[in-house]
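In what follows, chain A forms one complex with chain B and a second complex with chain C.
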Partner chain A sequence: MHIHFLDPYQPLKSPVHSLDARIKFILTVAFILTASLAPSAAWPVYILLLAAILAVEILSGLGMIYVLKRALLALPFVLAALPVIFTIKGQALFNLAIGPWLLTASSEGLARFVSVAFKSWLSVQAAIVLAASTRFPELLQAMRAVGIPRLLVGMFGLTWRYLFVLVDEALRLLRARTARSGQSRQAGNKPGGSLAWRAHMAGGMAGNLFLRAFERSDRIYVAMLSRGYDGEVRTLPIPAFSGSNWLTLGTGLFFLAILLIFGSLLWG
Partner chain B sequence: MHHSIEIEHLSFSYPDGHPALQDINLKIAPCEKVALVGPNGAGKSTLLLHLNGILKGNGQVTVCGLSMEQKNLGKIRAEVGLVFQNPDDQLFSPTVFDDVAFGPLYQGLDPEDVSSRVKKALIAVNMQEFGQRVSHHLSTGEKKRIAIATVLSVEPEVLVLDEPTAGLDPRARRSFINLLRDLPLTMLVSTHDMLLVKELFDRTVIMDEGRIVADGDTLDLMADEALLKAHGLEKP
Partner chain C sequence: MSYSPVQPMHIPDGFLSTLVSVVFWTLSILALAVALKRVGRDLGERQMPLMGVLSAAIFAGQMLNFTVAGGTSGHLMGTTLATILVGPWAAMIVMTTVVSIQALIFQDGGLLALGANIFNMGLIGVTVSYFVYTSIRKLARGRSWGIFAGGALAAWSSIVVASLAAALQLALSGTSPANLAIPAMAGIHMLIGIGEGLITFGALVFLYSARRDLLNINESAPKGSKAIWVGGLVLAVVLAILSPLASTHPDGLEWVAGRNGFLEAARAPFFNTIPDYVFPGISNQALASILAGILGTLLVFGVALAVAVLRRGQKDHKHPYTDSQE
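Showing the complex of A and B:
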């Protein structure tokens, strides 16, 4: 029983997939920065960014439906921005009485909230396209290439490697529990136990899983030490960046910079 | 009188399309002890997971007279004690007592019943002193015994073991074999330990590539060196 559904990578053949991971990584980070730095309520900039990311989604062969479905994950986090509707002063829209407090929504606040929601939705889409079109090892290499500390990249790599092991382990535990969850032969006994007892068992399982992960990390560290690990993560040299790669990267960054500058000038 | 295990034309493919079991037919009588041998990837563990409905393939599986249906799963899981290969999977509770008590507690038995079941199960595996120990700190041999106790406490009719002697030292293995010999239950045991098979089981089933390729008297099969060799097994 192995878990693959966690891996977002979709093995397809497309111009986006075959693009150098370094370009994709830098452009994705730049895209997210552009989206977050664009001024509030700069709607034309958002629309252009949306057009760009939708074009990449179609070009990558992943399809808009796939990416948009996954992007729903960002929805709950948008709620954190909800209070800005009431905290920003401006033209009053409506009042909301909660107990002794009277909250006044402003149209500026609403615009800010919609902006934040739209920007995070755009950013999540970019991240999804990156993860779905790039193999994780290539992504790690790209992170190293742009100068993210090797130790940090090494930790990302180990997390990724053992995430699947841990999920497998959790599934085996659950399977063992299912196998022993039977019904009594004597009539009148209700199977399942009390809620408190089930919670107690689930807590025990979580604790067990933690202890095992902890011990496993110790064993992995010992295995690394015995193969010569000294705290320094070493890797093969990263291949050279070709001229056409520079061109693609430059074009992408130029486009994003233009959007950001116009956005700041016109709506900032 | 029903059979303990009756499997007719069972086939199963994993979600990726890889066929793991193909047209399995197997009948095991009450209190019969059967060994299941075959190379890695032959489908032994997959077959065992069908015996209490964790996996569901195409075909008819009947356990202790109960057909494998959603409404019977609770009863079937009480009749079939499935012990997994890795005892760490089996032992998920804070203490040994909690683990052995899980099955009876889940069934909703009285506290006194639960305690007496746990005591009996621990005595059966010769581990009565271990109730309050933390399973995490036991040796592999001790964990294996406790894993058996966790299903004995449910008082099953059938005991299904996956690789019970893997990783045991000779003394732990010997005491484990004695334990299995003395348990008056129907047993289906998947193993690579051919000496164990020869010593404990009158009947052996050989699986390879998802099929049962031989089913018969252990001594007869052990004498057929060509058959053993063809399926990656060694004569003990």
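Showing the complex of A and C:
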């Protein structure tokens, strides 16, 4: 069994997919930064950012449905910002009685909450498009190009390389447990043992997984050594940044900067 | 069986103010620079394969779960195990790698918020783990219960302290009031931490009987560990004192957060000559602009949907995409 469902990359042919990974990486970060810096309740700015990211989603061939479905994953965190509706003082909107407490929602609080949720939703969409339209090795190269330390980028690469191997390993451990004791799909059959026992066994499996990882890393090290590894991370040279790349990057950054400037002037 | 990405401790983008994000990025980068240097000295050329595969193992280990009740399950974060197995400096790099890939690929935590997430799970988690584990090992004077109890307690406290840090960051950003965020986050993670503690305990019992040498029982601590021990002590104490203080007297935090708000407010009346768009029939201005915003969002959505549908029509015609799309 090989775990490919983990990899969010969607192999399609589109202008977004063929764009240089460095441009995509920088523009994604700039987009998220713009969303973060945009003042609270600057709705027109948010809507223009949404229009931009939706356009990219359509252009990339990923489709809005795919991106929006994945974006739902970040939704539960919105709960953390919910109390803000009631704690920021302002024009009273409605009252909510929960037991002995009387909570008063303010319109300023509601505006703040919707802003946080909207910004978060915009940012997560940008990150999804980046991950789904860029191969991981290209992303690694982009990270190296923007100056992330070589060793760290090398680590990301190795982790990615062995992630699938070790997830397979973990799934084998889980399947073995299900076969021997764990659970049954039939109703009424409860998983074996007490809660503490089950936790203990999950721990043993985690230990086993780590042990296998250690042993594998020994083998990998020896294999790398046999091919002349000396502790230095060697990578292909980063290709030059062409004129049209500069143009794309510049246009994107210009658009975001304009949005940000107008947003802070009008609603700051 | 699938990878369930969202854990309550990974802060997504949008929830931290830009200032808080940048401050924690800076702190994380500084600490990582030290850790990278230390690790290079201690592990040498073996570091890359060892840490890379261990990061992957932590990732995979987060799939190992056990049934608790009613469809919920406990699972592993792995900070403490990594700290015990490869030492604090390497564990910082390992956890940074794990958290970064979670954000980059699985959108589990934001990119701008990544600095704060690295700080909470990579730096605070590891330092607190190391501090608690080594302290209890010393108390046990080399008896084996020190390893198990120390590991379990370290796992529990690293989760709780890291969640306190996340709550404080949310409160500082003005996203979540301190008197609610701190007790809520701490409460949830005191429960989640029990699962982490039990799994870590089980893993250490297994490793103790299978490969005792990996637990570095008789080895002396790597250089610079004292600094981490002190750091863990300071962090644990500061957060333990600061959090209840902040949650009972949120004014202090709000004052700090408010200074950003003040800066924004001071700039406000500059360009207010352009009238705000107001909804007819709704006197509450903020509410009216929210409604206008929702209307605008729906409009953009409608246009995007129309474009997407039109394009799909074209696509069926021309088949421009490869068959690898399911």
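FYI, the second predicted complex is superposed on the first by the 212 of 268 C-alpha atoms of A that agree within 3 Å, B and C clash if a C-alpha of one lies under 4 Å from a C-alpha of the other, contacts with A are read in each partner's own complex, and residues count from 1 in each chain.
Convention: a contact is a pair of C-beta atoms (placed from the backbone, for glycine too) under 8 Å apart; a residue touches a chain by one contact, two chains touch by 3 or more.
If you're wondering where the values come from, they're calculated on a predicted model, not measured in any experiment.
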First (chain B), second (chain C), both or neither touched by A:Leu103: neither
Which of chain B and chain C A:Ile238 touches, first, second, both or neither: neither
Touched partner set for A:Ala81, first chain B, second chain C, both or neither: second
Partner chain in contact with A:Val146 - chain B first, chain C second, else both or neither: neither
Contacts of A:Val114 with chain B and chain C, given as first, second, both or neither: second
Superposition-derived comparison: chain B or chain C, residues of chain A touched: C
Contacts of A:Tyr162 with chain B and chain C, given as first, second, both or neither: second
Which of chain B and chain C A:Ile258 touches, first, second, both or neither: neither
Touched partner set for A:Leu173, first chain B, second chain C, both or neither: both
Partner chain in contact with A:Asn208 - chain B first, chain C second, else both or neither: both
Chain A residues contacted in one complex by chain B, in the other by chain C: 169, 173, 183, 191, 201, 204-205, 207-208, 211-212
Interface residues, chain B side, partner chain A - complex: 49, 52, 54, 74-79, 82, 84, 86, 88-94, 98, 102-103, 105-109, 136, 150-151, 154
Touching residues (chain side chain A, partner chain C) in the complex: 5-8, 10-13, 28-29, 32-33, 35-37, 39, 41, 43-44, 46-47, 50-51, 54-55, 57-58, 61, 63-64, 70-71, 73-74, 76-77, 80-81, 83-84, 87, 90-91, 93, 107-108, 110-112, 114, 116-124, 127-128, 130-131, 136, 139, 149, 151-152, 154-163, 165-167, 169-171, 173-174, 183, 191, 195-196, 198-214, 216-217, 220-221, 224, 229-231, 233, 264-266, 268
Residues of chain C that touch chain A when the two form their complex: 1-3, 5-6, 8, 11-18, 21, 32, 36, 40, 44-46, 48-57, 59-61, 63-69, 74-76, 78, 81, 85, 93, 96-98, 100-101, 103-108, 110-112, 170, 174-177, 180-181, 184, 195, 198-207, 210-211, 214, 264, 267-268, 270-271, 274, 284-287, 289-290, 292-293, 296-297, 300-301, 303-305, 307-308, 311, 320-322, 324-325
Chain B contact footprint on chain A (complex, rising order): 169, 172-173, 175-186, 189-193, 197, 201, 204-205, 207-208, 211-212
